[in-house]
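Order as written gives the chain letters A, B, C and D; numbering starts at 1 within each chain.
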Amino acid sequence: MTVMEQRGAYKPAPPPAWQPRTDPEPLLPDAEPYRVLGTEAAAKADPELLRRLYAQLVRGRRYNTQATALTKQGRLAVYPSSTGQEACEVAAALALEDRDWLFPSYRDTLAVVARGVDPVEALTLLRGDWHTGYDPYEHRVAPLSTPLATQLPHAVGLAHAARLKGDDVVALALVGDGGTSEGDFHEALNFAAVWQAPVVFLVQNNGFAISVPLAKQTAAPSLAHKAVGYGMPGRLVDGNDAAAVHEVLSDAVRRARTGGGPTLVEAVTYRIDAHTNADDATRYRGDAEVQAWRDHDPIQLLERELTGRGLLDEAAVQAARDDAEAMAADLRERMNRDPELDPMDLFAHVYAEPTPQLREQRALLRAELEAEQEGGHR
Amino acid sequence: MTTVAVKPATMAQALTRALRDAMAADPSVHVMGEDVGTLGGVFRVTDGLAKEFGEDRCTDTPLAEAGILGTAVGMAMYGLRPVVEMQFDAFAYPAFEQLVSHVARMRNRTRGRMPLPITIRVPYGGGIGGVEHHSDSSEAFYMATPGLHVVTPATVADAYGLLRAAIASDDPVVFLEPKRLYWSKDTWNPDRPTDVEPIGRAAVRRPGRSASLLTYGPSVQVCMEAAEAARAEGWDLEVVDLRSLVPFDDETVCASVRRTGRAVVVHESGSFGGPGGEIAARVTERCFHHLEAPVLRVAGFDLPYPPPMLERHHLPGVDRILDAVARLQWEAEG
Amino acid sequence: MTVMEQRGAYKPAPPPAWQPRTDPEPLLPDAEPYRVLGTEAAAKADPELLRRLYAQLVRGRRYNTQATALTKQGRLAVYPSSTGQEACEVAAALALEDRDWLFPSYRDTLAVVARGVDPVEALTLLRGDWHTGYDPYEHRVAPLSTPLATQLPHAVGLAHAARLKGDDVVALALVGDGGTSEGDFHEALNFAAVWQAPVVFLVQNNGFAISVPLAKQTAAPSLAHKAVGYGMPGRLVDGNDAAAVHEVLSDAVRRARTGGGPTLVEAVTYRIDAHTNADDATRYRGDAEVQAWRDHDPIQLLERELTGRGLLDEAAVQAARDDAEAMAADLRERMNRDPELDPMDLFAHVYAEPTPQLREQRALLRAELEAEQEGGHR
Amino acid sequence: MTTVAVKPATMAQALTRALRDAMAADPSVHVMGEDVGTLGGVFRVTDGLAKEFGEDRCTDTPLAEAGILGTAVGMAMYGLRPVVEMQFDAFAYPAFEQLVSHVARMRNRTRGRMPLPITIRVPYGGGIGGVEHHSDSSEAFYMATPGLHVVTPATVADAYGLLRAAIASDDPVVFLEPKRLYWSKDTWNPDRPTDVEPIGRAAVRRPGRSASLLTYGPSVQVCMEAAEAARAEGWDLEVVDLRSLVPFDDETVCASVRRTGRAVVVHESGSFGGPGGEIAARVTERCFHHLEAPVLRVAGFDLPYPPPMLERHHLPGVDRILDAVARLQWEAEG
């Protein structure tokens, strides 16, 4: 057939590979963060759940102030406070079943504790007597992850493995707004969607990555808008509204558990304290902004809702505070004891069996320590 | 079982067999990587596994190395034994943070509670005419990362035995496969594979009395040829195949050097900051008074791996090895 | 104020930081790939441009077949053919001005050549006499990038630098569907959007990453849907419709040049040949699929449009073919000469000045080569 | 210009001054990284630069190290001189592929047409009580990557001089800043900074006759203390500060070792596969007949960097150095 003979034969057609795939519409987040407290939706919330959330928030706030105090007393090397973000931390822990897994980022000690890990063991990393202080398998909590976003593919892999084994286990992974810029965030979400892994990603958008504000981190309409690019739903929620975060996460966990695949949740919140006790936030942000967020405090929001609807009396408030004080006193007391350290532990866990090289080095250290004990070396 | 004739097999075939046998023996073994499923891998090492064990056990992943290794970490956390393929040496670099900051450290971080039995297969080295980024020798990076085992076979039998051992190990193993040996053949009975090789033992491939060639992976064969050629010069060279770079078999290596009194380390990797420095230094520390000459190194030049048409000038060959042997201060002896 | 006094004081309000940001709507791609050929839009296309595209497509196809033939003759180490994707390759080159920059991926030799680089120099990498054979500054073409997606941040950085210097230069970066899974893709697009860098990303979605089909690569509605997650527009185009690709890219380039920021373009196309000459595509795909795409051939699509509208006669078709044959003959002839190699070049460009260590090694090689010349070594 | 008194300055201040002077001297110098702008960096090394030169010259980037280094590559392609900050050693790993596959190779790849004058500042090492991932000594990775210069200062004056040289270099330089020396002080006149130090020259910090301590960065001060303590034992130790790991100053180092006949390499980095192997091996290759004893190494143990409360057991200290010196076979001499 010559080109002339072909004349007029051409019929437009979309490229063969093009098939209408996933409908993007349901994957897009709402225009505004979802809220429960102070809205119609609050009436439908389980009062018992709200009271549990409340008690945990109060406890969480106290935990943050106590841990920060411990840095001043030299009992912690450093503490990244989650004050202002307690609703996210607590709701993340409470949205999971026992058999599920939590993958915290370095700021999420509070979520780890809310999940049941001993508060002192949760602080081992930050006290500096070891790295991870708790047994990850005891409460199914992965180690606090310092390299940002690297824990996200772990969560995907674990969730995928559970599914392959036929267990209806869900993994919930936490990451910051800054962490969403890392390549590992992208790769994790993509694997999760392709594998339809039962995993939920919670981005705590607290406005800052150390000093860098969100506007320098992303130009996206919202971080939740990233979800559609992976083919998973993106949800936007008021991160200071514990009831809303809990509901959105619980929905996502349920969806994941029943084979519906992963969800990306962006919780809009604010880091009230500096990045850590070592940081000076006045270098990069003003008081007014912080004050505006103090007025949107997660504890107050929930307290007002509960008291407004007669679901919380002063006695209950006091009980929550007393419980928090007791936790803080216990924490203070136990953290004030020096941890017991054995330098020989350095060699105990590098490999299942120390290599010949490590055995040599271990012998060297042992000899040094013995010489030290025998009253001073050189 | 009927007796089967010992037939020549390639290293690639032995590796495939090791994967297959490991998967058959242990349902927790999962193979994953780019193109490992339907295609069977670009070197066909995973050929047939997806068919035999299903795509859930031998999985084509999205194209993202950090994602591959990172999800493998999570799978290992949940009790699986992932065997990850990095398509080429240089394409393992995107996974470097996961490797160094997590894979190598998780056991230590958690006081032994969360070991990560992950095998990371990395085809490495040159000599196959590969274009840029397809011929790197990246073992120095892995050796400098405590918490990893680093293993590399030079024979068909070791390919099988060491890969089985790597997969069986409760620690992460970087398993370096010498690309140019994939099609090397050996009489090896695939129906009676050798036992699992313990990781950490070097092997004397050729005993000799004049000097020790300390080498591994792709350079073992070159050293064997050099040893053969050296006979004409009156040298009887011993060839030690390290097999495991981490842990390092000081015992076998030092026994050899104490016997011969002279040593040359041979590898393709660049010299500066490469494995040879460590090997020469530790041999010298341990065998100083047995040494008639400094431990010398014959290695690739300190350059980005050359383009295919120039690689022969870069790779340590028989002549360069013999030149080094000649510099081992023989005069001083007589 | 006690909790009781607060009763009723709570007014719902969105979290303070929540401001309506970028409107997501205009960033979302259309539901179907944009097409020009065979549609109303074709009438508006510049006939001269279409004829130029046509000639380049014919030339490009011939280039692909010639280069593939050269692998069989051992003149090229390997060749990743872009047969079937010529519309993308050619449109990418033609959508740019001289002062702009092209960032090709390893498969894009054709785009490099279409931009003006000498065909032999463009093949240096694949022949194996050096890595990059051309001077990147001569035609403003970055080296062909083998590590996937790594060239994308380079393009962003270059575009950003040009803007900082006040030059109205645009960078166009090419990447495959597989490459979009890499972390570098994510980081590059995010930087581009945050910096509003004048860069255009063209994803050639050819259905495969070696053997891995798109469905195992992503669960997204389309790759163009990733754009909204960065806050840039995503555009979907029929990648075999040269006029459509050219128009969409030209629009994006214009937008970038005039300060409008980056754009992500997904071109839906198909890799007709195997991954490279060394690959066996029958292991992972069937003939029917390939045939369907052969029926949607970029050259035929344009040829039918042009001939159908009387814009191309047989003489013009023949002229294009002759031109392509001449290019192929020249390429064949020059590639059949052995390249001149100087092993000492190994040491020439590692650093501006060779280190003392390299000088030693250079001397060693020189001595070896001299010994070789003097008639055999050992 | 009026004479200004020589005042004590910290290493961090000298680094800031070097950046400032480089930016003032050359408009193509751009500083970029996480928190380097408004905050002035977590170690305050970039303090004031955004204010003085504007955010386009000192830029807070998104949180993505590969993106930072990758965009810096593109900026360098267009004629800028990016100075990239990696916030901590371990957080440079995500950029490893960009570093190894592009930054180190672009000049070579393009036959010198596309040099990449990028400086990569990496705070490194321990001793500051940092939690996991904040105390890595990653120099072995960079040394094993041809195409990079690797430089590390140990004094306030060198911090200034070497950083200026790194920024002025037309090749990529990994500039390793010893974290625990950031606040070390020295009398250094910030208004008369020393000249730019040429990269590639070691410095004898303390002459001595008994043995050479070969060291760099954070360990130089420890070696100076060890040398002081060694006087009591009758040893007169020479301390050589390498300053530049790549290129390596064989001349100065070998001259020292030939003089003393004994050497110990001291660094924080792990021993196995660490810099000390290369240094010991090359010194031995070159000075074999001058050596009374094998070159020994005092280094960190081969473990993931320990938690803060245990780091003192890991770090090479004065005692461990003196123990090694004692093992230099003094008996053999007499």
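In the analysis below, contacts are C-beta pairs under 8 Å (C-beta built on N, C-alpha and C of every residue); 3 or more make two chains touch, one makes a residue touch a chain.
Quantities reported herein were computed from a predicted structural model and do not represent experimental measurements.
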| item | value |
| --- | --- |
| Most distant chain from subunit B, judged by the mean position of its C-alpha atoms | A |
| Whole-Å gap separating subunit A and subunit C, where each centre is the average of the chain's CA atoms | 38 |
| Distance from the mean Cα position of subunit D to that of subunit C, given in whole angstrom | 39 |
| Subunit C: positions in contact with at least two other chains | 130-131, 147, 181-184, 186-187, 190, 194, 216-218, 345, 350, 355, 357 |
| For subunit D, residues contacting two or more additional chains | 61-62, 64, 66-67, 90, 93-94, 97, 101, 105, 108-109, 132-133, 146-147, 246, 248, 272, 302-304 |
| Topology of the chain contact graph, where touching chains are joined (line, ring, star, complete, other) | complete |
| Contacting residues of subunit B [partner subunit A, same complex] | 30, 56, 61-62, 64, 66-67, 69-80, 82, 94, 97-98, 101-102, 105-115, 146-147, 149, 169-171, 200, 246-251 |
| Subunit B-touching residues of subunit C, taken from the complex the two chains share | 77-78, 125-131, 146-148, 178-179, 181-184, 209-212, 216-218, 283-284, 339, 341, 343, 345-347, 350, 355, 357-358, 361, 365, 368, 377-378 |
| Residue numbers on subunit A that touch subunit C, as the complex places them | 2-4, 6-18, 20-24, 27-28, 31-33, 35, 37-39, 181-187, 190, 193-194, 196, 205, 207, 214, 216-222, 225-232, 238-240, 261, 268-270, 289, 292-293, 295-296, 300-301, 303-305, 307-308, 312, 314, 317 |
| Subunit B partner contacts - residues on subunit A that touch it in the complex | 130-132, 135-137, 142-143, 147, 150, 152-162, 164-165, 171, 183-184, 186-188, 190-191, 194, 345, 348-352, 355-357 |
| Touching residues on subunit B, where the partner in the complex is subunit D | 66, 90, 93-94, 96-97, 100-101, 104-105, 108-109, 132-133, 140-141, 143-147, 246, 248, 269-270, 272-282, 284-285, 288, 291, 293-297, 302-304 |
